[in-house]
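One chain, chain A, appears in both complexes that follow, with chain B as partner in the first and chain C in the second.
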Partner chain A sequence: MRVGTKRMISKHRIQSLRPYQMVAENHILRNFLTALRKMLDDRTTSFYFAILLVIVVMGLFGPMLAPHDVNATHYDDNGDILRAEAPSVDHPLGTTHAGYDVFSRILVGARPTVLTGLIGGGMILSIGTAVGVTAGYVGGKTETVLMRFTDFVYGVPLIPFAIVLITFMGVGFLSSALVIGLILWRGAARVIRAQTMQVKQYPFVKVAKASGASTPRIIFKHILPNVAPMAIFFLAMGVGYAIILQAGLTFLGVADPFVPSWGVMIRNAFDSGYMATAPWWSLTPGLLIGITVLSTFMFGRGYEDLIDEDAESVDAEAVSA
Partner chain B sequence: MTDETPLLEIRNLRKYFEESSNVLDLLLRREPDQIQAVDDVSLTLNENESIAVIGESGCGKTTLLLTLIGLHDITDGEIIYKGTPVSEFDKADWKDYRSNVQVIFQDPFNALDPKMTIRESLEEPLKIHGIDDRDRRVRDVLEHVELSPPEKYLGRKPVNLSGGEKQRVAIARALIVEPDIILADEPVSMLDASTQAAVLKMMKELIEDFGVSMIYISHDLSTVSYISEHVNVMYLGRIVETAPTGQILADPKHPYTDALVSAVPIPDPGHDRDRTRMSGAPRDPIGLGDGCRFRDRCPAVIPPDHLEIDQEAFREVMEFRELLDRDEIAFDRVVETIDDPDPDDRTMARALKQEYFRHELSGENEATLTESLIALANEKPDVAARRLKQRFESVCETTPAYVEAETGWNVACHHYEESTNETQSTPAKQH
Partner chain C sequence: MASMKRYFVVRFVQTFVVLWLVLTGLFLLFRLMPGDFTAQMAVAGASPEALEEIRDQWGLNDPLYVQYWSYLVNFVQLDMGESAIYRQDVWQLTKMRIFNTFILVAPAITLTYVLGSVIGTVAGRKRGTNLEKFGIVPVIAAGSFPSFFIAIVFIIVFASWMGLFPTSGMLSPGVSGEYDTWWGPYLSGNFAHHYVLPFAAVICRYLFIPSMIMRTSVIEVMDKGHTQYHRLTGLSSVQRFRHTAKHASLPLITLYPVSMARALGGLVLIETVFNWPGIGWLLVESVLGRDYPVVQFVFFIVAAFVIISNFVVDLVYGTIDPRIRVEE
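Showing the complex of A and B:
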């Protein structure tokens, strides 16, 4: 690298890496894992993370673990239906008024609940980040249009909108989750736009631009990794909100009553009039929803510890400011 | 490349920003005020040359730099790289320019992406320009910036580096594509003094080794002599003096340069010298009219020929006129110095005088001043401004030409415009 050395430019040789190496070298994955490790250093965060893991496992394997068929009516020795029976050895969480096993329904109902969270949270994350980063980085008219649209979405009342939309899309489990995602991205979009604007004016972005980096390159290599912690935070929050809202929508009757999610169980208990007399039927799914949502929120709060750890990072200023 | 074509030539470069206008301005068709960040700057950078641009914060240095790397549009004028004006660049030219003109920013703490390792930061420009043999280049350049062994640094993130180390990595990133030109914006001002010297020395060696030209931008004259052979002094968007470094330090011609040079500390407690003192801070470069931009702070501002006035006293008058012009007289503060809750014009005028004038005027001068202060106290600032202008208008209110005082030494000051300074007693009309 002395004076006058000729530059060797070759388009052919790309560093050959094996697929698993490429995955391991991927900086987004690496940053994510480092951040997760840091967050799990905190005992509270790792406690809630463990709960979340259990719930995800329930979502994955619940139907297989369920001891009974969810729609099987159970009878006692006399051949009578076990109507709203208190917990016993056979039915650890009791039965419903139709003689269904509550424990099995809880296990099976975990999957739609987890799915709702992931679909809702995933949509909040992806739409919010896409809108926020585009508006923040591109600026100008694009920003005005996107952000005024976000403001407009802020003005949409969620529950009435969901009822109207579901009327059009048909009552269904998936549509109720989609509706949630279609509305709740608005908060994420605003905050991520603000973060993007902040990251954008840092010298390292200017240097990248000055040395010829394309806009997609800057967005994917510099902007996204730096707003990623905030985006993950919104994912965690989004999962929680989506589950709560879906339970709410189900309770109002604008979701498929035949997919036995936890929300549907509470509604069925309410409809049957056994809410007070068979608390095991309504209280268990209610508590589980509460615990799930609490865990996502608390896990999201672990993000703050991450910020303190990484005091010099870009986000630290954004959060403390 | 022939010897006649300079590497980079800047001709009468202007970069104006518009003050943000709101809907009302738009409806009333008000012309937004122009912020004249860079105004009529010309520079020439030859191969293997290192020049400096010096000036206070807010004088437009950084805007100049951002304009040079194409992050700002040019308002007027031309940047010519190896004979091709930037305005005629096509895509390939831009790519070439971007790999050959690299930049080092002031703030090492945010110059590197906190989410990337040092290796990734250094590889990025190579990837953008499709340069191969990355691993060797990264190691090489790290050794050049005295970060060795490179293995120790490659996997680290910026959080785990000190300020000096970060700036070294930033320098390495600029050097790794072997550019022709490096633009350095106060590269050491945020480092502590001992690190500053080491980094500067290293930069000097590197630009010689690599055969790079450099534009070094700084507010600190004391660091310039390490790096640059030529100095351009900038004040509020204009270049006021250009000269070889040694000469300008020894014998600054422009009063502003003089003030800057005398502000360079001399580490000798016994040393005593005359300091040229500047008063106040530079004004905002918004809607600047004609005239020397330093006139309100200039210790050598030129009084009209017919006037018998002390230099210091005249300077105060000029400063006051400037404040009046900008509507920045602090009436509230002045009122507080008066006991009388409802002062008459004379009391107010006296208080104003006490606040803004430390030197006694005499005769006609005194009479004019008092008269206009009373007008001002009477809430007639226009009358006051006109009265003061009639008597105290200076030649410095016309824009000085950029003249060659000695070979290779250009100054924009009426003191060095022999013809105009001595004979022209009626200054041109103000805009």
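Showing the complex of A and C:
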């Protein structure tokens, strides 16, 4: 027993030299970061991760880097409004039909888009984990009720329900992001429940239970750290789902039109009738949304390669937005 | 067989209860919505006494359970009230829209399942090769771009730049009066001309789902013992392929009706971009116009499609695979 303890301590010391071990005390975070590090060993996965980082940086600093005011109308030398002007040095992505600078709007629009992804993805992950771990660990009647509820949420038609719910909660940027999280946790809940039931069978959980550990302690010390690597996958997929769905809801006009996200830009271009004459305006935001979502999905596949099986959590409806 | 009958009855009752729950939920949701339609009349300048009379006449002052009961009775009689925007019976208004959506969804989704199963099989069999690694990227990419964006790209390229197809609508304005039967327009060249772009957009967008499901399924079946056995007995690769495909297509077959039902509700975006007079477009229009009787009915129809198709799938699946039955 003593020898074992000693060995564990020395192993711990060696590992603590690595930077990710700075959070060694927090096993949940540690396992999360270990899995992330392993995933990034793969070149393709790290390529998509880099794209995601660029998008996040755009979200953080975009509004500060924007060369022009997003709501400033630009004029040419004759004093005419620069309507749907082709890209130039001054306006790298051209202008809109109202003479706004597209490049600045793209940079400013990155922030609400990234924010939606993080709010939506975070909610999918946290609600999904809460429901999945509770159902999987506690079992019994609690499990039946929670999983029946999850089945029910699966039966809800996503976009129509989101539209109705948003009109009920009030049209706004935040409500559209929240509604997405409130529906799409279902896939995460199912998979995490299955994983929890597996972890529950391991000897260390049984030992902990036999030695009198409380349920919260077992969940936080033993279950969650072993579910943590999955969080990367669900966070990545959740961010992708949230962004694509919010763009769709924005396009339908059930999100705040004054928060200049990329979805709003596409809607404005569609409404203006300049769609075909100013493709730099109508296509750029859509391309960026697509690249962002593609990166999250491909990054998620990196996790599937890591555990060498398919997590099978493509929410068929979420990707239909 | 007795258990099969029992399974059928249990699932039937469950489906019925869920449908009723959805109806009740909708009733409550729209009663909780701030303000009824008289609020709009008040804005329009109707006097309080006149409003009160209308409220009496429409039963809005009755206790909730009386309203609820008449709501259910009317529903069974297909009397869904009158649209506030179109001033038309809701059922009359929606039935053609449902057909319009259906005629777009059914062939397109069917084709995605046919194409998707081929793509998925190839990707699954060639797992780990460069063909799979890079070939899957365009399929996932098509699933990553918002559907309305794909529709917009199609409009810009094929309608505006090349001028090959009309940009929106289901028929050219003014031609609908030329037909004396309700199905006449659907057989015309004009309709076909309008049909191409939305059809292509739906296929492009929904190909992702069956492909990915088929890929996973093929990989699973290839790992099974019987596939290895066929290989050992020296079965030709074509015959092995037939075996694999038969087993692997099971999840695809069961998902097909569900996919169809979900697409009916999920086509909102593509319909909006193309101004296709379908049920999804109607839903958005009526939500934004606060046309609650229409919203209520359309939402119920969409939900009912999903619930009933789930029921059908469970029955089919219960017949094919006896291991899957309702948990007692």
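In the analysis below, the second predicted complex is superposed on the first by the 282 of 321 C-alpha atoms of A that agree within 3 Å, B and C clash if a C-alpha of one lies under 4 Å from a C-alpha of the other, contacts with A are read in each partner's own complex, and residues count from 1 in each chain.
Just so we're on the same page, a residue touches a chain if its C-beta (ideal position, glycine included) is under 8 Å from a C-beta of that chain, and two chains touch if they have at least 3 such contacts.
Here the structure is a predicted model, which means the values were calculated and not measured.
Novice: Could you tell me if A:274 is touching chain B, chain C, both of them or neither one (first, second, both, neither)?
Specialist: Once the two structures are laid over each other on A, A:274 reaches no partner at all.
Novice: Thinking of the overlay built on chain A, is A:32 touched by chain B (first), by chain C (second), by both, or by neither?
Specialist: In the superposition, A:32 touches no partner, neither chain B nor chain C.
Novice: More chain A residues touched by chain B or by chain C?
Specialist: Here the partner covering more residues of chain A is C.
Novice: For A:203, is the partner it touches chain B (first), chain C (second), both, or none of the two (neither)?
Specialist: Once the two structures are laid over each other on A, A:203 reaches chain B alone.
Novice: In the overlaid three-chain picture, which partner chain does A:212 touch, first (chain B) or second (chain C), both, or neither?
Specialist: In the superposition, A:212 touches chain B alone.
Novice: Looking at A:225, would you say it contacts chain B, chain C, both, or neither? Reply first, second, both or neither.
Specialist: A:225 contacts chain B only, not chain C.
Novice: Counting only touches as set out at the top, which of chain B and chain C does A:149 meet: first, second, both, neither?
Specialist: Neither: A:149 stays clear of chain B and chain C.
Novice: Would you please give the residues of chain A that touch chain B in one complex and also touch chain C in the other complex?
Specialist: 310, 312, 314
Novice: Looking at the complex, which residues from chain B come into contact with chain A?
Specialist: 66, 69-71, 94-95, 98-99, 101-103, 105-107, 109-116, 120-121, 124-125, 128-134, 137, 140-141, 144, 158-159, 170, 173, 177-178, 209-211
Novice: What residues on chain C touch chain A, complex-wise?
Specialist: Residues in contact with chain A: 18, 29, 32-33, 133, 137, 140-141, 143-149, 152-153, 155-156, 159-161, 205-206, 208-209, 212-213, 216, 219, 255, 259, 262-263, 265-266, 268-269, 272-273, 280, 283-284, 287-288, 295, 298-299, 302-303, 305-307, 310.
Novice: With touch defined as at the start, can you tell me which chain A residues reach chain B in the complex?
Specialist: Those residues of chain A that touch chain B are 1-5, 7-11, 13, 15, 27, 31, 202-204, 206-214, 217, 221-222, 225-226, 228, 310, 312-314.
Novice: Across the complex, what residues on chain A touch chain C?
Specialist: 44, 152, 155-161, 163-164, 167-168, 240, 244, 247-248, 251-254, 263, 266, 270, 275-276, 279, 282-283, 286, 289-291, 293-294, 297-298, 310, 312, 314, 316-317, 319-321
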